[in-house]
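Next come the structures, one after another.
Look for chain A in each of the two complexes below; its partner is chain B in the first and chain C in the second.
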Partner chain A sequence: MLEKMKNFTQDVVTLLWKDLLAEFRTKEITISILVFALLTIVIFNFAFTPDPARVGLIAPGVLWVAFSFSGVLGLNRTFVIEKERGGLQGLVLCPVEREALFLGKAAGTFIFMCIMEMIILPVFSILLNLPVFMPGLLAIAFLSNIGFVAMGTLFSAIAVNTRARDFMLPLLFFPAIIPLLVFAVKGSSMVISGEPWSDVMGWLWKIAAFDVVYLVVSTLVFEFVLEE
Partner chain B sequence: MRSFNLNAVLWSVTTILIMVALYLVFAWVPTEATMGIVQRIFYFHVPSAWVAFLSFFVVFVSSILYLAKRNIKWDTLAYCSAEIGVVFTSLALISGAIWAKPTWLSWFPWEDPRLTTTLVLWLIYVGYLLVRNYSTTYQAPRFAAVIGIAGFLDVPIIYLSVIWWRSAHPIVFRPSSDAGIAPSMLLTLMVSLVAFTMLYVVLMRLVLSIRRAELEVEELKTRIQD
Partner chain C sequence: MALNPDGDRRSPLDYAVKVEGLTKFYGPLRVLRGLNLELKRGEFLVIFGANGSGKSTLTRILSTLSRPSSGRVFVEGLDLEKQAQQIRQRIGVLLHNSLLYNELSVYENLKFYGRMFHVPDLQERIKETVAQVGMESRLRQRVGTLSHGMQKRVSIARALLHDPGLLLFDEPETGLDFDALRALMGIIREPSGRKRSAIITTHNIEQGFEWASHIAILDKGQIQFMKDKKEIDASSFLNTYQSVVC
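Let's look at the complex of A and B:
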């Protein structure tokens, strides 16, 4: 049992390392989702003309639209890259469990999203003159990313196998992720308006519950998606 | 011959029930005091929503059974039920909007967790049907089953999140059903619910036979090619 667990963890880490290494060499995903997130914020700035009095009200919404849109781009890339180079078949043929494959892929996207958010939050603070690089927001972003990639990796693996792979993922994913977005936006607006930590905790718990549900569900049903 | 008879019985029972429901709704039941004549849409709105949830529940159960047993009949059941479910979700949304406008002064009261959840549900199952259309016939059943399961489990979470999302706002209205419904209205609603459920059964049988014919044609086509 212990031996099996160790092998499983090793498989996950190997798969994750493969993705990270490929990314370190091309920097394709990190750069594109980063620039995309930045562009979203710029567009919102012109769409809303946020004056100092209102910026606190729209900031959580703008941030989470930027995070989720660029997150979907990142999710799409993780499997599209594999598919283009015929790697998906290789992965399926690998003597690793499907659960390890799922967790490895999800961990990769999770790390990209965290990096993107760590860069976007300070940039956002400078561009909109609102300090949002705070521990509360980092905690919300970190926890939300887990549920985001847990559900997203599952749908991404489905979308990449369909004919309309580029628009299939957002179409499937956005309706299903709405609860998580609600929790994240609500929690973020509380942090930004300086509400007590105990109130924010309520939203963190809800995000954590969503994470647990979809980590379990997605890990369990993932094997049916990658069947050849 | 026997299945033909069953169809005839089902069709006639459903037709009679719908006629009775129409009579009750338009001629028999008294007009609601505060909302007026528009409240009568309630007897179509609630049954549409009920059939929609029923069909998605059937999708959920058949999806699990398909993944467990790998029998194509469960997938056919899920597919047909999803198609009917999307139609009835659309009906529930449209009738809800028509009812909401004069009653709550807005076509789409986002505060109402039921209406908002129904909209999200509609989006999820339209995605379900799209995935089927954009995948190969070989992969479509598996992908659809996964979405059917993951999507259905999301419904209660979406419902709760919409309640929490608007928790800071005052409750604009109390849904008119539940408590204090007059017995004549309850009876009309029940007859309407049974009629719609029968309609679901009849439509399911119809769509299932079409789907089976489609599968057969596909099979014959591949046999000709071989």
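Let's look at the complex of A and C:
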């Protein structure tokens, strides 16, 4: 049992190492999602020019439009890169648990999303005249990433085998992820409006609950998605 | 357990590959039609067939990439339906795609696959397999900068890295130069202390004959012809092939 766990962890880490190394060399995913998120925030900032009274209403929406759309862009690339180079078949041929493949791929995307958000959040705060360091917003972004990436990795693996894969992923993914996005926007709104932590915690728990559901379901279903 | 043509009783454990009534549908298209195949350990089967005869589909099913629509498949004595993960550990697969990552070096690619296959003494094994395919000097070079033929050599090293008992090679000669083709046979049959088997699909009859211990012709989703190479007259095989395929 211990040996099995050790092998499982090694498989996840090896796949993550490969994805991080490849991304470090090409920067294909990181740059595309970062540029997209930055552009979204800058354009919204000029379109709305939010005054301090309305910023609590507008800012959460702007932030999560940027995060979710650029996240989908990154998720799309995750499996397209594997598929284009035949690497997906290479992964399927590896004698490892399918859950390890899922977690390895999801962990890579999770890190790319976190990097993007760490850069975007200060820019967002400066543009909207908000405090640069908001731990509540960081906590919401971090927790939401888990569910977002778990569900997104599953749907990305489904969409990559379809002809209109760039179109299919958002079409399949967003309806499934709506509850999480609603909780993230509501929670972010409370943080930006300066509501007490006790109120924000309620939304954090809801996000965490959905993370668990998404993570368990996606891990279990992933095996069937890989099969032809 | 049925009596085999040799008159003795064999279980699936005695075979490198045993296929019974294998059928594969792609939508309404039936690619394999109740295919039967037996390959004993240590045998090298070369399968010839025209385009669309089902060669690649058979390779994909045996390598666990594709599920049969019906029929039973045993690879290295293991049931494909229930023991796919164990089968993956025992097969070395070479497909049309290199299955390599262009932005990683030859060494990094082999290290990745070696760790995924839990290969013991990985550093040594990488050195051995890279030497076998003559790519020692390119170990630190990125795969994306290699020629197609060199990528194919690295793919062969990848397929051999975990010392598999059964090799499944789909048209391995594509992109390889004369020297590499000659070396490939020695690489495949390298003494590894046990009987290694292989199923190789190809269009190249001359090359296939050189590799094979047994020859088969796949047509219309079924094995139409299968014999020990010793029983076949090489000079008239092209006529046999054409009469079976046409």
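The definition used in the following text is that the second predicted complex is superposed on the first by the 223 of 228 C-alpha atoms of A that agree within 3 Å, B and C clash if a C-alpha of one lies under 4 Å from a C-alpha of the other, contacts with A are read in each partner's own complex, and residues count from 1 in each chain.
Keep in mind that, in the parts below, contacts are C-beta pairs under 8 Å (C-beta built on N, C-alpha and C of every residue); 3 or more make two chains touch, one makes a residue touch a chain.
Here the structure is a predicted model, which is why all the values come from computation and not from measurement.
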Taking the superposition on A as described, I'd like to know which of chain B and chain C A:N161 touches: first, second, both or neither.
first
Could you say whether A:V92 touches chain B, chain C, both of them, or neither, answering first, second, both or neither?
second
Pick one for A:V225: touches chain B only (first), chain C only (second), both, or neither.
first
Scan A:P122 for contacts with chain B and chain C and give back first, second, both or neither.
neither
Considering only touches as defined above, state whether A:P131 meets chain B (first), chain C (second), both or neither.
neither
Interface residues of chain A shared by chain B and chain C, listed 227
Enumerate the contact residues on chain B facing chain A in the complex.
67, 120, 123-124, 127, 130-131, 134-135, 139, 142-143, 145-147, 149-151, 153-154, 157-158, 160-162, 164-165
Note which residues of chain A are touching chain B in the complex, please.
151, 154-155, 158, 161-164, 168, 171-172, 174-176, 178-179, 182-183, 186, 206, 210, 213-214, 217-218, 221, 224-225, 227
In the complex of these two chains, what residues of chain C are touching chain A?
60, 63-67, 85-86, 88-89, 93, 95, 97-104, 108, 112-113, 115-118
Interface residues, chain A side, partner chain C - complex
7, 10-11, 14-15, 17-18, 21-22, 25-26, 85-87, 89-97, 227-228
